[in-house]
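Two complexes come next, and they have one chain in common, subunit A, joined by subunit B in the first and subunit C in the second.
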Partner chain A sequence: MPGIGSALLVVAFGAAIYCAIASVYGARTNRRQWVVSGRRAIYCVAGLVVASMVLLEIAYLRSDFQFALVAQNSSTDTPTFYKLTAVWSSQAGSLLLWVTLLALFSSAVLFATRHRHREIAPYAAAVLGGVAAFFLFLMLFYASPFDALSPVPVEGNGLNPLLRHPAMMIHPPMLYSGYVGFSIPFAFAIGALITRRTDASWIRSTRRFALIAWTFLGVGVLLGALWSYSELGWGGYWAWDAVENAALLPWLTGTAFIHSIQIQEKRGMLKVWNVSLIVATFLLALLGTFLVRSGILDSIHAFGASTLGKPFLAFIAIAAVGSIGLVVARLPYLRSDARLDSFLSREAFFLANNLVLVGLAFVVFWGTFFPLISEAVTGREQSVGPPWFDRYTVPLALVLVLLTGIGPALTWRRSSPSSLKRTFAIPLAAVVLGALVLIAFTPAEDSVLSLVMFVLAVFTLTVAGQELWRGAGARRVTSDDGFVLSFVNVVRRNRRRYGGYLVHVGIAILFVGVAASSAFVSKTDARLSPGQSTEVGGYKVTYERATAAVGDDASGTGAPIALGAVLNVERGGKEFTVRPQRNYFPSQDVAQDGAIGRFFEGEATSEVDVRWGPIRDFWLAVQPDIRALDKPIAEANRRFTDSSGDIQALVIAAIADVYRREAPPATFRTLVSPLVIWIWLGGGISVLGALLALWPGAGTSRARSIAAARVGRELSRA
Partner chain B sequence: MTPEAAFAAVLVALLVAAILARPILRGGEVDVREDEELASLETAKESKYREIRDAELDHRIGKLTEEDWRRTDRELRAQAVEILERMDKLGGDRAAEGR
Partner chain C sequence: MDPSRKRRTRLIVALSAALLLAGALVYTSFSAATEAKEPSDVLASADAGKSYEVTGKVVNGSVKREGDDLRFAIRDREGTAQIPVAYSGTVPDPFREGREVVVTGKVENGTIAAERDSLVTKCPSKFTEEKKKS
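Entry: the complex of A and B
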C-alpha cells in the first residue's frame, strides 16, 4: 500500500510540472487547447493528492504500521479522533496536507476563472503548478509520507502528547489553508505582471480567496493561542514564539493587502504596493511553513525540526528574486490612475493602516529572526523576549485600533469638516464617557496603555454602531421596512461594508481581551499539601485531595496515567470544584526508564481546568511531584520487568494509587485573567464579519442594475 | 516499489495522460486579446457602480454633504460613462473584426 501512495505522488509531480509547462506554452503561442490541458493537470493533481491523503488517513485509522509515518506518529491505543489528525503532526504528512489544500484551492480558482482572464490565468496556473511541484518534489526526495517499514512493527510510537488537543486537530489545516489561500492572489498577481494586465481585474477575481485565506489564517492563529492557553500549562496564550510569529507575519501583511486592494479597486492607486504586499505575504507564508519544519529557530514547536532547510530556502530565494525582479521590470505598468485627493479620506487612512500593519510585521520579523541576524553579524546568537516585542507592538497596536475606528467613518476621496463633525461627535463623546466610567469603576487607570486601548476600542465600537444605526435609519426613510427589517436589509444589501465593520468590532474586542488579560492578570505558583490553601485574585483555593487514574483519562487524550488534584475554590461566598490533572505518556526507553518506570518518565502534558467567564477566567494547572513514587517504581522495575502486560498494568495502577493515597505536595499554578475569553469571542466575531463580507449577495445584481440604470439615464441625456 | 505499485502507477499515469491529451487532440479556439480587455473594463464598471452606491449610502447616512455627494456622484458617473463608451467601442471593433 505505501507503494501505491508513492506512485500517486510521482504521477502528481509529473502532472504539476506538466501544468506549468503546458500553461505557459499555451499562453505564449495562443493555443487555447494547451491552456485547457494545463488547467486539467491541476485538477488531476488535486485528485491524486486527495487520493494519497485518503490512503494515508486509512492507514492511520487501521494502525497500518507498514507505513513508517503511521508507526512514528500513531499507535493502536491512540484515540480515533487523534489518529485522524496525526497525519499532519509529522513533517511529511503536513507537506501532503499543504499540497492537497493548494491543489484544491488552485482547482477552485482555475475552474471559477475558466472563462475569464484568458491571458492571466495560464500564468497563474503555471505558478500554482510550480508551487505544487516543489512540495511534491520535497515529498518524493526528502520527506516521503509513504516510506515503508520492514519488518513491520507491532506497535507505533503514538502521537506527540502535546498535540492531543482538539484545537490541534483544526489548527494546522487552518494555518495551511491560510498560507495556501494567499498563493492564489499571488499567482494571479504574477500572471498580471507577466501579461502587463495590472488593472484591478486580477484583484476582483482573487479578492475572495485572499479574504478566505485571511480568515483561515486568523482562525489558525487563534486556535494556536487557545491550545497554548489550555494545554501548555504555563498560563499564557502568546509567547512571541518563533513559530507563532511565523503564522502572524503573513496574517499582518495579508490584512494590509485586503485593505489596500480596495484602494486599487476604487481609485486605481497603490498598484506597486499591492503586488509587493501579496508577494511579501506569499513569501512569508512559505517562510512560516519553513520555520515550523526547519527547526532553525528555538521554539516550543520542537516537533517540527527537520532537514528541509536547504531546498526550502532555495525555493523561497527563487520565488523572492523572481517576484521582485518582475515587479521592478513592470514598474512602468504599475503607475497609479489617480492621486490622493485629501488626507481626510478613507484611502488615506487605509494607507496609514497599511503602514502600521507593515510596521508591525517588520517588528515581528526582526524580533523573530534576530537570533539568526545576530549570529551572522557577531557570531553569537542572541534572542529577544516578550518585553522587546511588547515595547514596539503595543504602541503600534494602539494606533491600529484608532485607525480601525477612524478609517471606515470617513468617505472615499474626501471628507468635509462638517461631515467629520457629524461623524465623530458621538464616538468622541463615548470616548470621554467611557474613560470616566473606566476610571471611576474599574482599576483600568493602573495601566495607562490598557486604559488607552479600552478607550480606543470604545471609539471603534461606537463608530461601527453608529454606522449601522444610521444605515438602518436611512433605509427606513426610503422604504416601508420596520426597524429590525431595515437593519437587516441595510446589512444584506451592503455585505462587504458591514462585514468589514463587524471584523473591526471583533478586532477591537480582541485587543480589549489582550490588554485586560495582560495588564490585570493575577497569578500565583504555590506548593500545597492536602488541606492547605492559597489566594489569588480574590479566590481562596484549597487543595482537597490527590487523584490518580489509570487507563481512564477523562480528557480523552489516551494517556495511560493521569495524576491530578481536587481543589475547592471560594470567592464571595460561592464555591466550586476544579480538577486539573497531568497526563503521563510512556517513554520508549525501557533500558533507561525500566519496564514500569517508563510509564511515569515519558512526556507529560497538563490538563488545565479553566472556568471561562465573561468577566474573568479562573485557570488552574497542577504539577504533581512524583519523586515520592521513585522508590516503589524502582522496586517494581526490579520485580516485574518480565511479567505479563496484565500484571504490569496492575502494578502501575497500584503505584498510581500510592500517589492518590499518600498525596505528596503538588505545585499549583493559578491565574485569574480578566476578559481573556473575549480574545476568542472577538476573533469569532471577526470571522463572522469575514463570512458576511464573503457571502454572495442576492441583492448585488439588483443593486448593480439600479446603478446601471442610473448611468444609462445619464448616457441617454449626454 | 512493488511490481503491483508500479503497475498501478502506470495505469494512473495513462489515465492522467488521457485526461490531459483530450483537449489537445480535440483542438480548440485561439485566444483573443479583446476578451481580457473587456473583462478589465467589466471589472472597472462594476467597481464604479459599487462606488456610486457607496457614495449614495454615505450621503444618506450623513457622511457626505449634499454638495460633496453631488460633486462625487457626478465625477463617478462621468467615469462610468467613459468606461461604458470604451466597452461599446471595443464591442464594435470586435463585431467589425468578426464580419
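Entry: the complex of A and C
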C-alpha cells in the first residue's frame, strides 16, 4: 500500500515540473494551448496529492503499521480524532499537508483567473508549480510519508502526548494555509515583474488570497497561543520562542502588505515596496516552515535534527536571490505614479504603519536569529530573552494601535484641518474620559504602558464606532432606510471598509487583553498537602484531596494514568471546585524504567483547569510528586515484570491508588489573569472582520465589470 | 526649500532614525544576551554575576526535592563534567533524568543558581529517537 502513495507523489512531481515548463514555454512562444495544459497540470497535482493524503489518512484510521509514518506517531489506542490529525505531527506528513494546501490554493487561483491575466498567469503558474515540485522533491528524496515497514509492527508509538489538544491539531493546517496562501500573491508578483505588468492588476486578483492567508496565519498563531496557555502547564501564551516568532514574522510583513497594496491600488505608489514585502513574506513563510522542523534554533518545537536543512536552505536562497534580482532588474518599471501630497493623508499613515510593522518584524527576526548571528560574529552562541523582545515590541505595538486608530479615518491625498477636528474631537474626548475612568476606578495606573495601551484602544474603538455612526447617518440622508437598516446597508455596501474597521476593533481588543494579562497577572507556585491553602489574587485555594484514574481519562487524550487533585476555591463568599490533573503516558524503555515503572516514567502532560471569565481567568495546574511512589514501583518492577498484562494493569491501578490514599504534597501553579480571554475574543472579532471584507459581493461584481471592460478594450484594439 | 531637497532631507532623517534604532537593537542584543554554555565551559570559567544559559543532560539519580527547591546536576552532552543546579519554579512536563535541559542562571560556589522558571526541557526522546534510527 505505501508503494501506491509513493507512486502518486512521483507522478505529482512530474506533473508539477511539467506545469512549470509548459507554462513558461507557452507564454514565451505565445502558444495558448501549452499555457492551458500547464494550468491543467496543477489541477492534476492537486488531485494526486489529495489522493495520497486520503490514502495516508485511511492508513492512520485503520492503524496500518505497514506505513512507517503511522507506526511512528499513531497507535491502535490513539483516539480517532488524534489518529486523523496525527498526519501533520510528523515532518513528512506536514510536508504533504503543505503541498496539498498549495496545490488546492493554486488550482483555485488559476481557475479563477483563467480568463484574465493572459501574460502574468502562466508565469505565476510556473512559480507555483516550481514550489510544489520542490516540496514533492523533498518528500521523494528526503522525508517520504510513504516509507514501508517490514516486518510490520503490532503496535505504533502513539501521538506525542503534548500534541493531544484540539487547538494543537487544528493549528498546523491553519498555519500552513497561511504560509501557502501568501505564495499566491508572491507568484503573481513574480509574474507581473517578469512580464513588466507592474500596475495594480496582479494585486486586485490576489488581494483576496493575501487576506485569506493573513486570516489563516493569524488564527494559526492564536490557536498556538491558546494551546500554550491551556495545555503546557506554565500559564503563558507567548514566550518569544523561535517557532512562535517564525509564524509571527510572515504575519507581520503580510499585515504590512495588505495595507500598502491599497496605496498602490488607489494612488499607484509604493510599487517596489509592495513587491519587496510579498517576496519577504513568502521567504519568511518558507523559513517558518523550515525552522519548525530544522532544530537549528533551540525551541520547544525542535523535534530533533532534521535532514531537510541543506535542500531547504538552498531553495530559500535560490528564491531569495532570484526574486531580489528580478525586483532590481525591473526597478525602472516600478516607478511611482504619484507623490505623497501630505503627511496628513491616509497613505502617509499607512506608510507609517508599514514602517512600524516592518520594524517589528525586524526586531523579532533579529532576536530569533540572534543565536546564529552572535555565533557568526563572536564565535559564541548567545540568545536574547523575552525582556529584550518586550523592550522593543511593546512601544512599537503602542504606536501601531495609535496608527490603527488614526489611519483609516483620514482621507486619501490630504486631510484638511477642519476635517481633522471633525474626525478626532470625539475620540480625543473619549481618550481623556477613558483615562480618567481607568485611573479612578481600576488599578490600571500601576502599569503606565498598559494604561497607555488601554487608552489607545479606547481611541481606536471610538474612531471605528464614529465612522460607522456617520456612515449610517449619511445613508439615512440619501436613502429611505430606517435607523437599523441604515447600519446594515452602509456596511453591506462598503464591506471592505467596515470589515477593515472590525479587524482593527478586534486587534485593539486583543492588545487590551495582552496588556492587562501581562501587567496584572497574579501567579503563585505552592507546594501543598491536603488541607493546606494558599492565596492568589484574592482567591483562597485549598487542596482537598488527591485523585487517581487508571484507564479512565476524562480529557480524552487516551492517557492510561491520570493523577490529579480536587481543590476548593473561594472568593468573596463564592466557592467552586477545580480538578486539574496530570496525564502519564508509558515510556517504551522497559530496560531502564521497569515493566511497571515505565507507566509512570514516560511523558506526562498537564490538564490545566481554567475557569474562563470575561473579567479574569482562574487557572490552575497540578504537578504531583510521584517520587512518593518510588518504593511501590520498585517493588512492583521486581515482582510483576513477568506477569500477564491483566495482572500488571491491576498492579498499576493499585499503585495509582496509593497516590490517591497517601496524597503526598503536590506543587500547584495558580494564575489569576485579567481579561486574558479577550485575546482570543478580539482575535475572533478580527476574523469576522476579515470574513466581512472577503465576502463576495458588490466588490467582486465591480471587479468583474472592470475585467469585462478591459477585455472589451483589448478586443477593440485587436 | 525646493521639493527635491525637502524630499532628500526627509529621506535622510528617516534613514538615520532607522539606523539609530537598528544600532540600539544590535547593541542591546549583544549586551543583554545570555551565553549558551555546557557544564564544562561554566566549570572552566564563569564570571561571577554574569548570567549563563547552560545546556546539559540531567545526571541519573541526581534529582532531589528540598522543600520548594528542585536540586539536580547536569552534565555535558558528551563527557562527564557535571555541575549541580538549584532551581525553583515550574518544572516542565518532560523533565526527566537523562534528558537534555537548559537552565539560565548565575554560578555561585560551583552551583548554578537558576533563575525562577528558567528551566526548559528539550523535546523528548521517544518521538525523535525513532526518527533518527529510521
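Note that the second predicted complex is superposed on the first by the 695 of 718 C-alpha atoms of A that agree within 3 Å, B and C clash if a C-alpha of one lies under 4 Å from a C-alpha of the other, contacts with A are read in each partner's own complex, and residues count from 1 in each chain.
Convention: a contact is a pair of C-beta atoms (placed from the backbone, for glycine too) under 8 Å apart; a residue touches a chain by one contact, two chains touch by 3 or more.
It should be emphasised that the depicted structure is a prediction, and the values quoted were computed from it without experimental measurement.
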| item | value |
| --- | --- |
| Clash or fit, subunit B versus subunit C on superposed subunit A | fit |
| Which of subunit B and subunit C A:S52 touches, first, second, both or neither | neither |
| Contacts of A:P371 with subunit B and subunit C, given as first, second, both or neither | second |
| Subunit B versus subunit C as contact partner of A:G359, first or second or both or neither | second |
| Subunit B versus subunit C as contact partner of A:E601, first or second or both or neither | second |
| Which of subunit B and subunit C A:G385 touches, first, second, both or neither | second |
| Touched partner set for A:T423, first subunit B, second subunit C, both or neither | first |
| Contact breadth on subunit A, by residue count: subunit C or subunit B | B |
| Contacts of A:N494 with subunit B and subunit C, given as first, second, both or neither | first |
| Subunit B versus subunit C as contact partner of A:T393, first or second or both or neither | neither |
| Minimum C-alpha spacing, chains overlaid - subunit B and subunit C, in Å | 18 |
| Overlap of subunit C and subunit B interfaces on subunit A (superposed complexes) | none |
| Partner subunit B, residues of subunit A touching it in the complex | 3-4, 6-8, 10-11, 14-15, 18, 22, 30-37, 40-41, 43-44, 48, 116-120, 195, 197, 199-201, 204, 265-266, 409-416, 418-419, 422-423, 467, 470-471, 473-474, 477-478, 494, 497, 703-704, 706-708, 710-711, 714-715, 718 |
| Touching residues on subunit B, where the partner in the complex is subunit A | 1-2, 4-6, 8-9, 12-13, 16, 19-24, 26-33, 35-36, 39-40, 42-44, 46-47, 49-55, 57-58, 60-65, 67-68, 72, 77, 80-81, 84 |
| Sites on subunit C touched by subunit A in the complex | 18, 21-22, 25-26, 28-30, 32-36, 53, 55, 65, 67-68, 88-94, 96, 98, 102, 104, 117, 120, 122-124, 126-132, 134 |
| Of all residues in subunit A, those that touch subunit C in their complex | 68, 72-73, 91, 147, 157, 160, 162, 232-234, 298, 300-305, 359, 362-363, 366-367, 370-371, 374, 378, 380-385, 387-388, 391-392, 525, 527, 587-588, 592, 601-606, 623, 625, 627, 667, 669 |
